[in-house]
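Chain nomenclature is as follows: A, B, C and D, assigned in order of appearance, with residue numbering initiated at 1 for each chain independently.
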Amino acid sequence: MRIGKQDQAFTAIATSDAESITVRGHDLCGDLIGKIDFSDYFWLLVIGEKPTAAQRKMLDACLVAIAEHGLVPSVQAARMTLAAGPDAWQGAMAAGLLGMGSVVAGSSEVAGQFIAEVLADADANGADIDAAAVASLKALKQARKKVPGLGHPQHNSGDPRANRLLDIADQLGVSGRHVSALRTLAEHAPGIIERPLPINVSGAIPAVMLDAGWPLEALKAVPLVARSAGLAAHLYEESLRSIGFIMSHEADQKIEYDGPSSSLQDTQA
Amino acid sequence: MRIGKQDQAFTAIATSDAESITVRGHDLCGDLIGKIDFSDYFWLLVIGEKPTAAQRKMLDACLVAIAEHGLVPSVQAARMTLAAGPDAWQGAMAAGLLGMGSVVAGSSEVAGQFIAEVLADADANGADIDAAAVASLKALKQARKKVPGLGHPQHNSGDPRANRLLDIADQLGVSGRHVSALRTLAEHAPGIIERPLPINVSGAIPAVMLDAGWPLEALKAVPLVARSAGLAAHLYEESLRSIGFIMSHEADQKIEYDGPSSSLQDTQA
Amino acid sequence: MRIGKQDQAFTAIATSDAESITVRGHDLCGDLIGKIDFSDYFWLLVIGEKPTAAQRKMLDACLVAIAEHGLVPSVQAARMTLAAGPDAWQGAMAAGLLGMGSVVAGSSEVAGQFIAEVLADADANGADIDAAAVASLKALKQARKKVPGLGHPQHNSGDPRANRLLDIADQLGVSGRHVSALRTLAEHAPGIIERPLPINVSGAIPAVMLDAGWPLEALKAVPLVARSAGLAAHLYEESLRSIGFIMSHEADQKIEYDGPSSSLQDTQA
Amino acid sequence: MRIGKQDQAFTAIATSDAESITVRGHDLCGDLIGKIDFSDYFWLLVIGEKPTAAQRKMLDACLVAIAEHGLVPSVQAARMTLAAGPDAWQGAMAAGLLGMGSVVAGSSEVAGQFIAEVLADADANGADIDAAAVASLKALKQARKKVPGLGHPQHNSGDPRANRLLDIADQLGVSGRHVSALRTLAEHAPGIIERPLPINVSGAIPAVMLDAGWPLEALKAVPLVARSAGLAAHLYEESLRSIGFIMSHEADQKIEYDGPSSSLQDTQA
């Protein structure tokens, strides 16, 4: 079955023959393995060119910030999956990454789109970021929606990872329009939304990465690759000291059945 | 429902409160973000301690070697999945990682276990690796099974990534018993199995990583984390220049239907 | 970490103790196993009550209509995944279901939401479905978006599955407001969008299921459960006669590398 | 890249052109939709022929027996995944199915292979199932391995679903060699393994399905398709009354951090 357009049958990432493997125009064995570290290679793979020192440092800081945050839901899902199928690490890691949806760890993407829209609105109205930020916050308030990139269920007084990433972006000279827009949003948000709304890590990551030159369409890659490392640590620990079924038992105990009892229904039928 | 033992309700990876996040005994914001690169952090997360320079270089070399090899089946699956659900990167990346089973990219784990078994056999019989390698190869030959870590469908004359990784391990002083066992297997294999069987990248990775001190039970993490970066590049390209449905159409065209025709069966019924 | 509201810790689906299992108020062993078929049970599980004869027939018709359509992208992804990891059926089936995104087979959900919106618009404006349909089609035309539930890449002259499902809904007396709205959309679409746009199976399924009483929020369950059966057939065939790597090789051949060559870049560097 | 044999480029499941869709030799629209229920269609898709009445009843009984068992780990993983990404049902269902590994719900496959091996051993030694069962149980005892298909963490006095399925198989005249072998194993197991080991549902399902003519290689399809229906019910309930994060919070509370504290390590460093 032919679905969609069929006219651009190209890839620019890698090619290989019996003797060599070429990745983004570099010979994998001669020029990359042993000569480039994984963060640089990740940038090269996605963007097509090696990062500058500032770009690499910004990427490393974001990857380290988001890779691990304890027994979050996606980690629990992964560990329960490994406990149930110890021979399929790939299944457990997949189950963990599937939990990076729009609500929790995958929210960097949503926040990045929000910041980009605020900036686009500002551009359309003569570059006044303040006015665009206020307008978008009022619209979210009216629609009773959350502000992407602001607020955190645990770190109410401010997400320390976010502040650290913004500091680093300032030090590296990476901070630009997106960081500025995020800070403007954070300045106006408490007054408009009427609750404490510190910048969270899912707001800081897109702001600093977009300012570093990472594309909006690839933002989701940052938390996904980062979390694959955190999940690896949890899966290894699970294989040595399993808590998947302990967590599952505890969670099950907490939830009460409030459906009809079978005896009642049987008598009635 | 209570499944399995319930007595070790611990994790040693991370903990957090409202003010701070601790990972492997380090303060995430004060001591890790901006101060450690992603490869070091990956090692710290999994192992619990920061790597030495040689360990980090060995890990980086392996991650770079395995992250990307063009439009392999798992990449195709990921790109088709993104084409069908462009709003769920996590689903497309999960589909890609699920293809890292025992046969293709996930075979590092199988090869690592094989090398470890050969060494265990050698230890049990007075440390003669040659004899243990020959015995295990003959057993595989008799069972008509593939030799884990040797041979490649494309690089018949030798997998250039494997040779490069082994060279680096030698240069770094990492090469030890596992590399030695792999080379012994490669030496005897062509004579016993009767076909060319160069060391492949899925054999070299476990050998050099085990010699670098990475645990056998976490071997699968190396190709999984590495491939998440390659998949990220492909998903970004897919979002800009989709080939998922082009590949699918081409693949479909190649396969012929050889079931019964409906008209025939209708007439008979 | 406490995320979201924590105050409704209930489930009404199932409970069990050492002696019995209760599902939706029925004793699983005494009243369900051997006494209810799988389609009825699927309805009971999701809705909480057993279906009427018309509801069951409508559900069966939809499940049969959507379970299998040959080597579509999600089936290819599943078969490639099984070929790469033959010991993990659950991973291959997961990879297949992940391809049921908003674009292809999962589009029933999108079409159902669209039909519901058209009806809500009509209700808000005095129940004139014609006017609401025309307005929504013009809005899609202006936004250059596809019309959910109409059009098909292969069956240009009309998707035979859609017509069959609508006929069955008429015969069963199931057809109501949603089927009517879908037909109204199909009537006006070619004139407004200016191309042939027959009702497709992803439009017919939500229309007939919503009219049968199935909830909008559970629409995605119909194609997902249906396709799990089709995927099972493909995975069994793959385990006997593997085509996963044949398809992958063919797809790879079709795509050309248009990135820089490594020799060129090496010389420049 | 060419992996594996490339010479059997066929499928016998489905084919289609612009006018019609043929599945297993039947016209989908003319002969299947509205004329066959989902259980029959599932059998037809996998096996290639429609089931007899006894085969269909056996399949329905197994699907109903295994579709739902409350908040088991895989259901929890699915609900946490939906809570984190409410717009991707396919991801949540995939996460749930990934938990059907060798240990929990996917163990039907393992038990089926075990029963088949006992029968093969018996055949090789003159059809004495008793002797083969005793020998295999003693081997498991010595290897300290679990007996596939026997024992249950909750239903110690006997899994009521298993007994019901075996009764139905007897009534339908389906019970044959596999049911007989399973009963023989259950008879000898308590004496040899020295603990209560009633037949569980993952033992009964493969025994009755294999006796009904379902192939060993497709056994995993039965729990996977069945659970997709149970997961659908849970995902719908999750979308209305979310407990994903409630369960996750409760599970997290249970697990204590026993890694080093950051202050200690900071002082030392």
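In the analysis below, contacts are C-beta pairs under 8 Å (C-beta built on N, C-alpha and C of every residue); 3 or more make two chains touch, one makes a residue touch a chain.
Source: prediction; values computed, not measured.
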Q) By label order, what chains touch subunit A and subunit B together? A) C, D
Q | Numbering shared by both copies at the subunit D-subunit C contact, with half separating same from different | A | same
Q: Could you grab the centroid distance between subunit B and subunit D? Build each centroid from C-alpha atoms only and quote it in angstrom.
A: 27
Q: Could you please state the distance in Å, as a whole number, between where the Cα atoms of subunit C are centred and where those of subunit D are centred?
A: 23
Q: Would you kindly tell me how far, in whole Å, the mean C-alpha position of subunit D lies from that of subunit A?
A: 34
Q. Which subunit D residues sit where two or more other chains touch them?
A. 1-4, 9-16, 20, 69-73, 83, 85, 87-88, 90-91, 94-95, 98-101, 104, 106, 154, 243, 245-246, 248, 252, 254-255, 257
Q) If you look only at subunit D, which of its residues touch subunit C in the complex? A) 1-6, 8-16, 18-21, 23, 28-29, 32-34, 36-39, 41-42, 45-46, 57, 59-61, 63-65, 67-71, 83, 88-91, 93-95, 97-101, 106, 109, 154-157, 160-161, 163-165, 167-168, 215, 217-218, 220-221, 224-226, 228-230, 232-237, 239-243, 245-246, 248-249, 252
(Q) Considering only the defined contacts, which subunit A positions touch subunit C in the complex? (A) 1-4, 9-15, 20, 22, 24-27, 30-31, 48, 69-70, 72-73, 85, 87-88, 90-91, 94, 104, 153-154, 254-262, 264-266
Q) Which residues, counting only subunit D, touch subunit A once they are in their complex? A) 1, 16, 70-74, 76-77, 80-81, 83-88, 91-92, 94-95, 98-106, 243-248, 250-255, 257
